[in-house]
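In the two complexes that follow, chain A is the common piece, with chain B as its partner first and chain C second.
And now, the complex of A and B:
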């Protein structure tokens, strides 16, 4: 098996706030194989964006520090890399698409200029004509019609979906090995979301890039990901092949997420929400951060006293639960019990 | 006209709110003189009926006019034409004191809980406000506030807290408690769970279902999220660019969709199970929604429709029962296509052939 393109080990990131230090990402470990799609899912504040910004070296150093861990890209640790080196890496080997295309594009510069800039920044000897031709090619690849004319337009002349296409074009301009998309469709309508997901798949196919897809939307994960990482309160609580995780989750939080979700396919069964609310970064519960909301824990002492490690639960799967071997039966009982109630 | 009758509680199933050919335009002003140079046609010729105790789901993408329609239905906005009847009374031209009476029976919950709560008022004050406005606070108002907090699942110890101290889910519960204060018959819920995380979203969806069962409330549930709409609604109306293009019971709209837009919308929703992923087989709509300031002639969906023909450009299809379809649909070429069933069947037959 070839080495993974990206290997994150024990990554821990602290953020200073006026109220104290928040440990936003704790001991994050995962790998990304070449060409695969890794979904990272979690609710707001779960640390999914912070983890990826740490990987990219995009956190403001005044407020945020990586306190522990390594990020190996192609076998090299990039947490210690200089800003210059990181800047060269981003936009070339690492392409990024952010959630809000409106704030990621410069409003006073034409799409063409921004796209050509992205192309030229990482390629030394390229004539303006070549760069422009490449820009047109990229825009057409992501499905922007009339690419030649569109180059001379400003971001405000693009609709939300078109802007996000332009962002994707920029991210894949230099055939990155890793494409990172942070909530790329959250701001978009569902019909536009379907377009953009398709464009991402095309972009990935054209460049052979591995894709990290960050989202709060389990549907997007189900639709796109090969493997999934579930985050809660700054930690990875479960990971594995997407089908296995959806069909037989091994962490009670994943069970809760899935049972909270109304389905387009089935009717009016009562949703089973997770009780309570996620903890804030400043008041993380002791032991397992999920234990106050966990209905399987049943107030067992181990859950509130000891932090469960992310351990192997078979078949390339990891889960951070002391009682992960009970989850399958507990979930079945819960679903059955719920049917009986109804 | 005996005004008091709007306060009589309708029997379940009775029509309580009826909109007839309602149109709402917003002027576009430009130039130094701010002259009106055009109109955003936010809602045009919409008929909608809501019955006591039921949930009417109103679904559509951003800018389709669903929120405007909700506000017109509430009479927060006055329609430019058309009639609005509440409990048999024509309320289209009501104002002032009459509208205040109407508000007792119809309340609204907004999408963004924090923005719709006064940050300088305590939770207790916010929930008490409708009672005070309607002169009901002096008589047991404090007890009513406590009762409301319990109904929506807030602890009465949070009464003196401020909205920003609470989580998004709790803030939305405050908004719901405030809307319930006067014991209304109808709630307009404008994207009530869209700003919430899924685990919290499910809590609020369940709460709304419980409240409806307990108090016989009717809901106009506005959302862009088709899964949520399917979960909560009895009947559904699909909006596109200011018009309702298809409406019917939940089963009719979700299992026998007949308007191309409804079909496209349904097929665009991501699968909830990796085995059902179907992007390749989906009907991905091309292009964006046209501007409501200058909607296409004829059928408004024709510019993105794969079935459009010459007639679609010339004549606007009426929302009506058509051959072989048991619910109203506004398409010249309406044809039932069980998009979801098809995706599901495909998933069952194709053994997991993921890329």
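And now, the complex of A and C:
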């Protein structure tokens, strides 16, 4: 098996706030194979965005820094790379699409200028015409009609969906090896979301990039991803191939996520929300961070005293639960009980 | 666009009418000019004659209308004191004020803008602290005090720096008045620029720009400054308006023959036509500078279309 294009090991990122230091990403490890799609799910504040910003070296350095761990891109640790070297990677090998296209484009600069800038940043000898032609090509590729005319327009003349297409065009301008999409559809209308995901797939196919797709929409993960990483309170709690994880989760939190997801073909089945709220970064529970909300824990002492390690649970799957071998039966019982209620 | 511009332009008219009413009323409230124009022992008859001559016996509405009627024809009346057209007296002083305004504005921009930008980029460092402290002092020092300090330390001790007066084209004479006016503006511009740049630096689109791997310099100029300087323009515009109205105290301290000092002496002498001319001209300049600022806005920010409101 070839080496992964991206390998994150033990990544830990701290954010300083006026109230204290928040450990936003804790001991994050994962890898990304060439060309694959990795989904990262978790509630707001679970550390998804911070993890990828750490990978990209885009953390606001004044408030946040990587305190431990390595990020290997093509076998080289880029957490220790110079700012200049990291800058050379960004936009060239690592493309990124941010969450909110409304605020992610410079309002006073034309779409064309912003796109051409992305093209030219990493190509030494390119005439203005060539860069412009490439920009038109990119815009057409992501499905922006009348690309030539639209280059001269400003972001406010683009709809939300069109803005996000333009963002994707910028991210793939230099055929990156890794494309990171941080909740690319969250800020968009539902009707536009599917289109944008399709554009992402096109972009990925055109560039052969590996894709990291961050979302809290499990449906999107099921649709797009090969493997999934479930995050809770700054940690990875479960990972594995999407089909396996969704069919037979090995962590109670993943079970909770799946149970709170409505689906069209299971009519009448009650949605089960996860009780409680995710912990804030300043007051993480002892032991397993999920234990106060976990309905499987039954107040067992081990859950509140000891942090569960991310361990192999078979078939390229990892889970961080002391009782991961109980999860399958517990879930079956819960679903059966639910049917009886109904 | 042209219709919008016209509408914006027409809005100036009620503003100017209001200012003319206020100016007219306030000058009349200041007292009887004849007590100052005639010797103390002048008879009541002589005073009455002079009032008659100056048109001060007419009912106030009639006086106001003849004032406005004159202004519309470019005639601000004759100075009570100098027996010359008031406008002429004011225009004679305009170059001095313009010169001082231009010099202090240039100084303020050259120092204030970079100070604000650097302070924001080094946010939280000692450099930032020094700039902020300097701005604090600059804004807290009243010009009459700054002016006196400069006079004492530079004007008196350094031979080639004159302590007052003006010679057209002489930079030496301009030095102290400009240095007196500049600190306050430098402080305002630096502080405003700093907070605006800081605000823009944390915007999502700046992160997007960094994600493309473009140089930090490009990020600052194209993405941060282009956006951050838009609100700073307003502050500069207001300062320019204030400067062109004459820096009254500075002009008095340094015997600078601009319209600020003219305003003061005319008020003291109850020279109504000159006071009215100074105030009206200043108002017109202020209003037009603001109009220009608005136009600059539409040029710098494509989202703003005058009177169509802000979009997206």
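Everything below uses one rule, namely that the second predicted complex is superposed on the first by the 342 of 342 C-alpha atoms of A that agree within 3 Å, B and C clash if a C-alpha of one lies under 4 Å from a C-alpha of the other, contacts with A are read in each partner's own complex, and residues count from 1 in each chain.
Methods note: a residue touches a chain if its C-beta (ideal position, glycine included) is under 8 Å from a C-beta of that chain, and two chains touch if they have at least 3 such contacts.
Note that the coordinates shown come from a computational prediction; the quantities given were computed from them, not determined experimentally.
Peer 1: Given the alignment on chain A, is it a clash or a fit between chain B and chain C?
Peer 2: fit
Peer 1: Classify the contacts of A:223 with the two partner chains as first (chain B alone), second (chain C alone), both, or neither.
Peer 2: Touch partner of A:223: chain B, not chain C.
Peer 1: By residue count, is chain A touched more by chain B or by chain C?
Peer 2: On the superposition, B touches more of the residues of chain A.
Peer 1: Can A:243 be said to touch chain B (first), chain C (second), both, or neither?
Peer 2: A:243: touches chain B, not chain C.
Peer 1: Just checking: does A:117 make contact with chain B only, chain C only, both, or neither of them? Give me first, second, both or neither.
Peer 2: After superposition on chain A, A:117 lies in contact with chain C alone.
Peer 1: Answer with first, second, both or neither: which of chain B and chain C does A:304 touch in the superposed model?
Peer 2: After superposing on A, A:304 lies clear of both chain B and chain C.
Peer 1: Once the structures are superposed on A, label A:56 by its partner contacts, choosing first (chain B), second (chain C), both or neither.
Peer 2: second
Peer 1: Does chain B (first) or chain C (second) touch A:107, or do both, or does neither?
Peer 2: After superposition on chain A, A:107 lies in contact with chain C alone.
Peer 1: Does the superposition put A:140 against chain B (first), chain C (second), both, or neither?
Peer 2: neither
Peer 1: To be precise, I mean the smallest distance between any C-alpha of chain B and any C-alpha of chain C in the superposed model; what is it in Å?
Peer 2: 5
Peer 1: Considering each complex separately, which residues of chain A are in contact with chain B in the first and with chain C in the second?
Peer 2: none
Peer 1: Please output the residues of chain C touching chain A within their complex, sorted ascending.
Peer 2: These residues of chain C touch chain A: 123-124, 202-205, 207-216, 218, 222-223, 226-227, 230, 300-303, 311-312.
Peer 1: Considering the complex alone, what residue numbers of chain A touch chain C?
Peer 2: Going through chain A, the ones touching chain C are 56, 58, 60, 62, 87-92, 95-96, 98, 100, 102-109, 113, 117-118, 121-122, 154-157, 167, 170-171, 173.
Peer 1: In the complex, go through chain A and note every residue touching chain B.
Peer 2: Those residues of chain A that touch chain B are 43-44, 159-162, 189-195, 197-198, 201, 216-220, 222-226, 242-243, 246-247, 256-257, 259-265, 267-268, 270-275, 277-278.
Peer 1: Across the complex, what residues on chain B touch chain A?
Peer 2: 61-62, 167, 169-170, 197-203, 205-206, 209, 224, 226-228, 230-231, 250, 254, 264-277, 279, 282, 284-286, 288-289, 340, 344, 352, 354
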